[in-house]
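A, B and C are the chain letters, set down in written order, and residue numbers restart from 1 in every chain.
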Amino acid sequence: MRIGGHIFMALAALVLALPIVVVCGAALNGGRSMFFPPRDPTLARFGEFFVSEPVWTNALANSIIVAFGAATLAVLIAWPVAYLLWSSGSKLSKALAGLGSLPFAVPPIVIGVGLGFFWAFTGGLGHVWSGVISHAILLMALPLVTISIGLQSIDRSHLDAAATMGATEQIAFRTVVLPQTIPYTISGFFFVLVLSFNEFIVIFFVSASSYATVTLQIFNSLRNGYTPTMAVAAITFLVVSILVFAAVARWGDLPRLMGADQSKN
Amino acid sequence: MTDLILSGVSKMFGNTRAVEPTDLTFAKGQLTALLGPSGCGKTTLLRMIAGLENPTRCQIKLGDDDISDLPAHKRKFGMVFQSFALFPHYTVRENVAYSLIIEGLSKQTALEKAESLLANVQLNGFGDRGVGELSGGQRQRVASARALAQEPQVFLLDEPMSALDAKLREDMQVELRLLQQRLGITTIVVTHDQREAMTMADTIVVMSNGRVEQVAPPQEIYHRPTNAFVADFIGKANFFDGLYRSGGVMIGSQALEAPANFAPDSPVRLAIRPESACLATEPGQNRIPAVVGFVRDLGPVREYHLTTDIGPIIVEYAAGSGEQKLTAGDKTLVHLPAEALRIYPRTAA
Amino acid sequence: MTVTHDTDVAADSPVKATPGLTRKGALYGVLSALMVVFCVVPFILVIVISFGRKVEGAAWVWGFTFENYQRFFVGTLWPDEVTFLYLQQLGYSFYFAIIASVLAVLTALPFTLLLTRLKRSTQAVWLVIILSSLSMSEVFIVMGWDILLSNNSGLPKLFQVTGATQWLKDVGWFQTLRDIGLANPRNVKFKPSEFATILTMSYLVWPYAVILLYPALSRLDPSLSEAARTMGASRWTVTRTVTLPSIRLPLMGTTLLLFVFLLGSYVTISVFATPDKQTTAVAIYSNIRGSNLNAPFGSAQAVILLISASVCLYFGHLLNRKAEAR
């Protein structure tokens, strides 16, 4: 690759990192205001976020519950749909896949408003469990896509071989399909996890001010301006993401999971 | 049309030497085959000639012009790729016309010329088809027509038959050779199929592990391979390891007469083609007792797989030779004529 | 021959046919019902409520009136007075979203092309970086750019301190910046402005652009560009005649998806856009949960936004089909 190419990529990385660096740096501010470079650098904000301030510790707990719950639920729902689509390709399966992708394909504010009304009528408004379900609905398109990619990479002759050795569809699913698609299931799970942490518009409408996740809390505080404690959340999310994706890259084939051809390079 | 001359061309990938420093001359108007197993460096060499790979060291001359520093799109050697690399977003005619349009011809003229080029490869009327509608053989012809449209000085082909079925391959080998002779264009073909090389080439360059083993016309390579590798790679051969004693080779306790010029007791490897060995009834010089293990009658040839004291031997007879028909279990003698034995030095491995 | 636990179920089940099949059928029946309830009903609710009527206070009643839609297109007091405010908001939604998504894809394209040519292990490192940047929620990104572009401690300050502002004044470009709203009399000012809005929106979706383009670009056959080069095409000609035509579809698909996503952008607009250039998304928020509290009208706006997005997606689908038929 020529020099120009390297320079361009380095520049892109720089611009990409710039606001992130600024936010992370601002978390070290001693005072209440967000300055960059930080004034009176201190790690006190980290203590506030994780331990002492209930506003933030509750928000963090809610974020974790919603994110993990939604990721699990989304994967559990996406699997049967993806499997049906792959194994039969019937009209029903296509319809289901379309329905599942629908909430993600349109601007989130619309489904946020709709779910807000929905829970208001069914009594879930303002409860954490309805937040879990809402995020699962919004984000199930992601594991649907990753699991579908994984299923497509399965060699059908493996299933034929299993059948000739006496495996029913269930057994073949458990022993051939499931193990081979583990990396795709995991990556779908992580995508939902990360995006759920970040999502606040839908949560805003379905929580109706009775609970808050970290991102929602920051969003609510926008009117009052930023505080450095919020930036701690940013750093936390960033570090967790880097660890998670680095782990996936270390033990799996990240380029292939993202859709690259496995025969190249 | 001039000769293509390579001097000191070599290529390193990191710490591995893909191509050893090589001097080669490709005579004008001739078809040369680069033949060897996978990973021997033949494709790398071809790509360096095309300008797609930067040699670590080289000098490439076309006649008197030094083209070593010319980038690929200035050398404009027509090239057919293993996958044919036809552009899916263009029709067949547009594919063939591609180089002409790049050169600056008007679209109209280029497409008309492309049409006549398609006729040359027996693909009239295919101009409007999409690439996906063609069979393997048709695709290869389009790829050839496309590469030749720019009337290049050199025509390069990288394993052009590997994407075709076996039956089609044989027909296309002949067709491609006839095309090349008709046009009289300097051509280099990379292949791992020795039958392909034997069919098409004026000269074969046998390569292994980045090194050129032998450069010669096909018949010479077949009958006078310069080392054990070439003898093994081209055609079939029986091999025996032994020690050289004056005028002969000791294999175990068997002595075979085999005139050569080696130091006494040097380790050597003997080779003999199956069709040069024969079955015998009377004992004599270079005749060894053997037992028939398996008979392979393929129709045009018959192979006798024999076990002897010096190792397994395959003897081949053409159909209708009228030799004594043996079956598995029969005892006989196998005759290895001294003039048919080739002797090579054997390295420790 | 094969004895599985299925045969036990067969003994109990009244159905003669393969018991696994009816269990499977029941599972999919339940699943379908769930999907319809959760994925369709919310949208239906929004549509239905948009025909409702607002009453005193913050409440509303079911109804069937078109007044919300009428208000959206021409204002409440039509035909006496006409206001296109809400249409204008939709216009700005489109305006910002289109420019930002095109910008993001145009800059992500060369980056991703270069990325796919790297060694696999290097690609993995870059992918980790890109994926991790997705962990930055819109609120954080806005936070970051807010600080970067702020007059007191961000780039404008940097401009002033390094003398760039003075240089701009001397060269005469400062006046141009003032004319397009990017400068005060004293110094450059980057926010609020269209520039800051579009910049941040572009930045927001840029990693998604890379991820969406990655599969298609990494499957590009290098022998196609090599073949073109042996036929006399320079690097730029190869890009123009071979590479770009073969990725036209993923390019358009990606731009479309990002565009639809940006239609719903809220935080960026409310922080970086000037008050006269607000979007429909912002209006929806203030109508449903914000200061205005007019749920039926907010729903109507949401429906219009939904329809606009669906129309764009449908056109994209048509183009897709047309290209595949070729």
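Some observations on this one:
We adopt the following convention: a contact is a pair of C-beta atoms (placed from the backbone, for glycine too) under 8 Å apart; a residue touches a chain by one contact, two chains touch by 3 or more.
Fair warning: this is a prediction, and the values are worked out from it, not measured in the lab.
Because contacts link the chains only in sequence, without closing, their graph is best described as a line. Set against one another, A-C and B-C show the most C-beta pairs in contact at A-C.
One finds 56 Å separating the Cα centroids of chain B and chain C.
The distance from the centre of chain A to the centre of chain C, with each centre set as the mean of the Cα atoms, comes to 16 Å. On the side of chain A, the complex with chain C involves touching residues 1, 5, 8-9, 12-13, 15-16, 18-20, 22-23, 26, 34-36, 77, 80-81, 84, 92, 96, 99-100, 102-103, 105-111, 113-118, 121, 133, 137, 166, 168-171, 194-195, 197-201, 204-205, 208, 215, 218-219, 222, 226, 230-231, 233-234, 237-238, 240-242, 245-246, 249, 254-255, 258-261, 264-265. The touching residues of chain B, when paired with chain C in their complex, are 50-52, 71-79, 81-83, 85, 87-89, 98-99, 102-103, 130, 146-147, 149-150, 156.
Taken in their complex, chain C has these residues touching chain A: 1-2, 4, 6, 20, 27-28, 31-32, 34-36, 38-43, 45-46, 49, 107, 110-111, 114-120, 123-141, 143-148, 153-154, 203, 206-207, 211, 214-215, 218-219, 257, 260-261, 263-264, 266-267, 270-271, 281, 284-285, 288-289, 298-299, 302, 305-306, 309-310, 313. Residue ranges of chain C in contact with chain B, taken from their complex: 221, 223-224, 226-234, 237, 241-242, 245-246, 326.
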